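Just below sit the structures, each encoded as structure tokens.
You will see two complexes here that share chain A, one where it goes with chain B and one where it goes with chain C.
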Partner chain A sequence: MPQTRITPLALMASLLRNCLRRTPSSVRQLILLTGLLIALPAHALAADKPIADTPNVDQTNIEVDAVEDVDPPISFESLLDPLAKASFSEKEKVVDMIVEEKFSGSRKVLAAFLDNALYFDAQTGQVLIISESEGQEDSYFDAISGDALSGYSGDAKKIRTNNGLRKKLRGAIARFDLDDDNAVVRLGAIKQLRDDPDDEIMPLLREQLKDETNEEVIEQLTVTLAIFDLNSDDADVRLSAVQRLDGELGNDVYNRIKILTEEEQDSQVKSAALSVMTRIEGKRSFYAGLETTFFGLSFGSVLVLSAIGLAITFGVMGVINMAHGELMMLGAYTTFVIQQMMPDHIGLSILLSIPAAFLVSGLVGIAIERGIVRFLYGRPLETLLATFGVSLILQQVVRSIFSPLNRSVQTPEMMSGLLRINEIFAITYNRLYILIFTLIVFAGLLLILNRTSLGLKVRAVSQNRQMAKAIGVRTDRVDALTFGLGSGVAGIAGVALSQLTNVGPNLGQSYIIDSFMVVVFGGVGNLWGTLIAGFGLGIFNKILEPYAGAVLAKIFILVFIILFIQRRKQGLFPQKGRAAEDH
Partner chain B sequence: MKMGKGLKSLAAGALALSMGLGSSMAQAADTIKVGVLHSLSGTMAISETTLKDTVLMMIEEQNKKGGLLGKKLEAVVVDPASNWPLFAEKARELLAVQKVDVVFGCWTSVSRKSVLPVFEELNGLLFYPVQYEGEESSRNVFYTGAAPNQQAIPAVDYLMNDVGVKRWVLAGTDYVYPRTTNKILEAYLKSKGVADKDIMINYTPFGHSDWQGIVSDIKKFGSAGKKTAVVSTINGDANVPFYKELGNQKISAEDIPVVAFSVGEEELSGIDTGPLVGHLAAWNYFQSVDVPVNEAFIKNWKTFIKNPKRVTNDPMEATVIGFNLWAQAVEKAKTTKVDTIIDTLPGLETPNMTGGTAKMLPNHHLTKPVLIGEIRDDGQVDVVWQTEKEVPGDAWTDFLPESKVIEADWVKLKCGNYNTKTKKCSGQNY
Partner chain C sequence: MFASLASILRNDRATSVFLLLLTVVTVLASLANLLFPEGSALHVSTYTLGLLGKYMTYALLAVAVDLIWGYCGILSLGHTAFFALGGYAMGMYLMRQIGNRGVYGDPVLPDFMVFLNWDTLPWYWHGFDMFWFAALMVLVAPAILAFVFGWLAFRSRVTGVYFSIITQALTYALLLAFFRNEMGFGGNNGLTDFKDLLGFDLQANTTRVALFISSAVALAAGVIACRFIISSRFGRVIQAIRDSESRTRFIGYRVDNYKLWLFVFSAMLAGIAGALYVPQVGIINPGEFAPINSIEAVVWVAVGGRGTLYGAVIGAFLVNYAKTYFTIALPEIWLYALGGLFVISTLFLPQGVVGLMNKVMQRKQEARV
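Showing the complex of A and B:
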């Protein structure tokens, strides 16, 4: 059931791909990946069946042409029956036999086996395929004949698989799929076989190449054959194979070429391999840099998101709110609660959680401001202690209501998986969405602060409270609303965090230090400073991480900020003019 | 229990009351007190809360049978809140103030190291139910979880011999258990001829949540043409984002299997296991083991916790074994006096939950079977490999030169770290 679905992301991906177009061969490579991309959402739809990697594993009416009316020497039945009691290595042998004999139901049985849907009924000795689909009753099929068994009520046991067997099964199914009418299926099959090449399959692929009409499939076939040809005894074959692989980025190509540059005897082939490898390495380091940048941006977006609410309460209002992290935690728990209320609509529940979390955290924020903080303006130390107390209270409240255990918030399917740009560079959807989400929240806040009357009043009060009061701004109300706004944004950050990390009572604690770090580094009272500081620290962290490790990288960042603040007390973007005098 | 000593003790008190234990506190004199020292909040709560409930279940069952020595058992639950120094304080409270007869507790090694001096100073009795890095044998502690030779080494052997792994990622949380285990594993791998460049070691802080860079590095490390596996000693709730990221980056178990030493059924029940199918876990017990004794254990647990969806796991089994051995020792010695119990325990046997027998050895470790399983899509684990019989726990590993010569024997040698070369017991030196 391959379904095509164009998502905004797929469109974005194609834009991105256009930007990345460089050489003609990579263009073709990219067209090829378009197919893959379209198949991706379909794959995501089938995500509840975790090991269904080939898009049409469930497709049942595959025609296998090999079997004629003559009875094969080994019957399908005699192969399948002992499966239930066989060891994993015996099962692998059975799979080999099934591939060799090409029974009419082979593909279906193998696919069911891979899908953990193959069962054995010890009482009747029958091998069954049980397909489960959500919301419907299980349907039963006889594995050998493929006939539906209505009203089956026996006690069948699952025939188990392990990693080695599943790998074998994927390879076996790929062999059947080589003849499939659908080009996407053929492509998947060849990719599968490319991972695990053997001498037997190569002649088959060469045959395939003769009849193949689809360009993407031809491309994939020639690359696969070229990798295989690198082992050829004929230096000319090796040379043309090396030339064919120029511009390919895949790991298997890189590894093989690298071995060739070390072991090759023929000087011409060796020099060709060396120059191809230099080019591949150049591209690989380019994409590695791109990847690090993306990781940095994505880590930075989490920092920005968690700090931006604080940039308002701390930056604009000057309140040190130690309960900021707990307001994020409330946002995350709001997501959990909404998801519990509508378990069938995970994607929708996340969208609904955004305004809900904003309201919940915003109202709690206003309550904190009205109840505690407003009596403490101008006394930062007392504010710090009081809000720290509030943070402990909020943690304990959540612990009492939801238990101290972490709650799991499900990720909607559109947010899991990879956006594959090319063979070595891919972006995870959840990170991409959160990056975009951060930018939207940031833009929204800027708009509110710069374009609305509330924003005007907020800025007026923060710049000169007395003067604002004198011209009739109700500073009390503005204070409460500003604090509510900052807290509400923290709630929204909590929704995003629920997709990345554990939702538990301690969620806030792990982000509060980072949040203050970003705000102080970026310059108190400056939203742009927060944005740039967050992304900057994120990228800096991710550049350091591979060399220093996660623990040391964090220490380096903290040391760096300590030194930086010594030099520039106001952070990256200090406020200028009279407004700065208040701080 | 003093109420009003801050919110935490208030909550702990409420917890104890709600479990109907408050009433038994009045009659403290004629009960046997059992201390429970597990984090009920913080990063380790995900794992440790279950063990607290397991001890409570065992106490309830024992009380139904009439208690021990004609006395009822009484649980004293404290919450060290995943805070390692607080573990020591709470241990002192249990031993000195509450005067408990035995303590079941701790999960992380850092918490165990933190309470160790307290137990030795006040001569307490601790049953430690979690797999750990070894290199320790205290007179006052009984280790009912696996030593490295009962978990880590067999798991690596399986990957090396049965899966054909040639390149190794040792990923762990940054504290004593992963660091020591990885040190042992590194020495072991090198003794098997694995080159330096084929071993990648990575540490992350507790509760780490941004795994994208590390997982991507693992992916790159694993795509060098040799079969690669990840040996994970990542502990606590950092596992959830770690496995999520593995799933997101589409690292399948068929390409790069991850074998985890700290992830069991309980941890899996909190996450979407779809992307994890096929990744490995190495333990001494799995819920899926199909033997009558295990079936009864699972049924008891589900009835006690009043939730048919709850799962059992290895540290729970270790807690049960520890409890049964202690109860057996008390009955045999006819006292709960710590010194007598310590002398009675070695040599005692009790059935484990996988159909075999657990025997307490003179080095205060158990004999245990080693099971390796693949994670199923329902969060359960299928056994794919297991040792033929129980493996005796070795406190001091044979794969590090400095601990190879050390032996623990509390029966004959009366020493937890006897150096067989210098023929000396080095005392408090672990």
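Showing the complex of A and C:
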């Protein structure tokens, strides 16, 4: 404190100066007034004595505070204290002042304010930050000093916010973050300011641009400034801003340029805006197409996963297994159980679930084959009914054991979140992983069927059972193993599904018709056909969805397949040769 | 017609017994309901009568399924689509009958349309204020769908499992479609709150009895008609197709046409069943299209014994009675029981209950000899 003595004149002058410098406001006037009221009587005591010598009189103490507050003229505390009773517009002004003064710890207070974590004590008026974290007791901090208040037991009331205030707060926090050493924080702040631009900040951003070294931040800064410059009165500034925005994909850029093409007076700027807009539109529709394709592939991968086990049991063996969906459900429940056993290792539990689900569903599949299906070979319609009965029983078993309610399986951290390619194209990690997983499973199955002795025997039995038997293939064992393999793959599909939807007793039912459609559409007995049919139908569905809506798109697909089967009942890729006639 | 009925009664002992039994049950149950006061030991409650009436409509659906599956080898897993269409046609008539007694009191528009802010009746709702038109639609709507679908499928020789799967897809697609509010059939709430039928109050006891008797008459007529078709020349060809489709074709019969007409007829039977079902249960919603319902209908036939018609009726009564009993007394057990029934009847009772009875009777006869 350079100033140890104070005269009322100096105080008033400094306060008035501050007041005039900023926009006048009721809060400000309030503080000014209280400052005067405090200072005047104090002056009477302190007029000819140095402050250090002042005895401990109440008023003097107040004056000491006031003295210290003169430079900076307003204390953090004096700003925060009236918050509790202030109106929303007054609160907004307080936020403005906090930003201007840049007290240490203000960012923390503003962030807490935004999170609705700022409280005041009803008795003492002390402003508090209460941080709540799950599983722990709330911890209390003094808002001004930032000290932890252990053992606080007062009556804390929340300081309320509204939408306008929160917007203000976000802008205010962004201003603090612009000075942060971490480029990511700066980037976030600029993005925030880009979403809620205000005129005052733009000169600040221009300053920032001069010192900025991080390329990403510079990029974001120039775009934000260019959007702002579109409002400029100078046609040249607008022109260069339009040119800067060429190829930008953000919605805000697109909307602004679009407005410009309609309202711009200057012909040069207008033509530039038009050509920039066509380029942006082209790029946007390209990425939109890419996104549709990805969503289609992702939906298709679910279809392929659920159908590929069926492609083995139905396609290769010719057995209609209506319990296929329930085998997927078992796989999903296996994931749930394993996750319950090791709640601390979510990622590992998913990995372990893959072989476990394969085993569980595979064994149940073998039991179904040995217990029921083998008596019904050559009678496909009866098989259909019997396995449907099995599916009902399995559903009820799961209901009895796990309750009829849906269970949710947690997604490991590496699988959650978004992979953002650019502003309008983002991929969710879990869908990306499932797509890759589908391809791995498919490749694995293809290897088993084409490169192992089991695969050879499976193909032999499916092509000519009698001949295979004659040359010594134990057909019943092959049947059981094939059925087990198809069922096991259904279990693996269940693991993947558990990452996308809730796990419930009806999980399988919702996929069974789709799966059959995919297998039939792709051509029975043809794994490649299943893959292409699944992805094809997935993409087709996602292309239709924006125009027709999800339900209608699905109806169209069903009708399309029904009609397609009339034309080519062997599917896209019919089997050739003698074996084809049996199907 | 009477001559053929007489010949059926003369030659087909099992069907005659069945028809006799049906008549006796219907007459006795109706009389017991009407003549004896409530509380009397001989009184049959209206609830029971309604239940029996519902079973009879199910039985008619089972007969429709048995006609094509048991006699022609066509396994349709989408037969409730026709059942539900017939039901919707009847439901639309009943909706129009409500008139201005609905919640919103609109003289023309059903409540759900007022709720959706529609101001005019969709074109396909016109005419349903007349009973004869609705009754015609009960037959025509399922028939058209069956004709188009069957014409496409049989002409391209889609058979066996493939046919089963695409019929399932068909009913599934209809299920999704009827769930949409934009379709104009009441969305997922369906059609309900019916007041009266042909001017008779649906809640009145006598109306319930009349509906019950109509169901019984429809069931009997359905069985006789199917019997008539099967014992005709047409029916012989149908059975030949079941036993060897390509051989029949090579002999020179237009297999597709035979199958198509049988399929259409079966769909109309299912439609009638649906139309009788709706006023008795008081609601029709898209849930009736669910593929599982179709599969259940097939199970009734399988349990009763396919290819006998009366077996289908027995199966429908047995399974549905069990369902009513289990879902009230032991709800957890019901799916186990139903699932087990599927498995057991396909594995051990390929001819169903009827086959089992025949076997037992044969053994007795052999023992006597």
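Structural remarks
Everything below uses one rule, namely that the second predicted complex is superposed on the first by the 428 of 583 C-alpha atoms of A that agree within 3 Å, B and C clash if a C-alpha of one lies under 4 Å from a C-alpha of the other, contacts with A are read in each partner's own complex, and residues count from 1 in each chain.
Definition applied: a residue touches a chain if its C-beta (ideal position, glycine included) is under 8 Å from a C-beta of that chain, and two chains touch if they have at least 3 such contacts.
Please read these numbers as outputs of a predicted model, since none were measured by experiment.
Contacts of A:Val302 after superposition: chain B is touched, whereas chain C is not reached. Contact with chain C, but none with chain B, is seen for A:Gln566 once the two complexes are overlaid on the shared chain.
Looking at the shared chain after the overlay, A:Arg374 reaches neither chain B nor chain C. Legend: residue contacts after superposition of the two complexes on their common chain; A:Asn116 is shown touching chain B, with no touch to chain C.
When the two structures are aligned on the shared chain, A:Arg279 is found in touch with neither chain B nor chain C.
Within the superposed three-chain model, A:Lys554 lies in touch with chain B and with chain C [touch as defined at top].
After overlaying the two complexes on the shared chain, residue contacts for A:Gln396 are found with chain B and with chain C alike. Of the two partner chains, chain C is the only one touched by A:Ala386; chain B is not. Residue overlap on chain A between its contacts with chain B in one complex and with chain C in the other: 392-393, 396, 399-400, 551, 554. Chain A contributes residues 320, 372, 375-376, 380-386, 388-393, 395-396, 399-400, 509, 513, 516-517, 520, 551-552, 554-555, 558-559, 561-563, 565-567, 569 to its touches with chain C in the complex. In the complex of the two chains, the chain A residues touching chain B come out as 47-48, 50-51, 53, 88, 116, 160, 162-164, 166-167, 170, 251-252, 255-256, 259, 291-292, 295, 298-299, 302, 392-393, 396, 399-400, 404-406, 408, 410-411, 416-418, 426, 428-431, 500-502, 504-506, 510, 542, 545-546, 549-551, 554.
Per the touch definition, chain B reaches chain A in the complex via residues 7, 11, 40-43, 45-46, 49, 163, 174, 202-205, 207-210, 212-214, 216-217, 223-225, 237, 240-241, 244-245, 247-250, 252-254, 257, 270-275, 277-278, 374, 377, 382, 384.
Of all the residues in chain C, the ones that touch chain A in their complex are 75, 149, 152-153, 155-158, 160-162, 164-166, 168-170, 172-173, 176-177, 179-180, 291-292, 295, 298-299, 302, 332, 335-336, 338-343, 345-347, 350.
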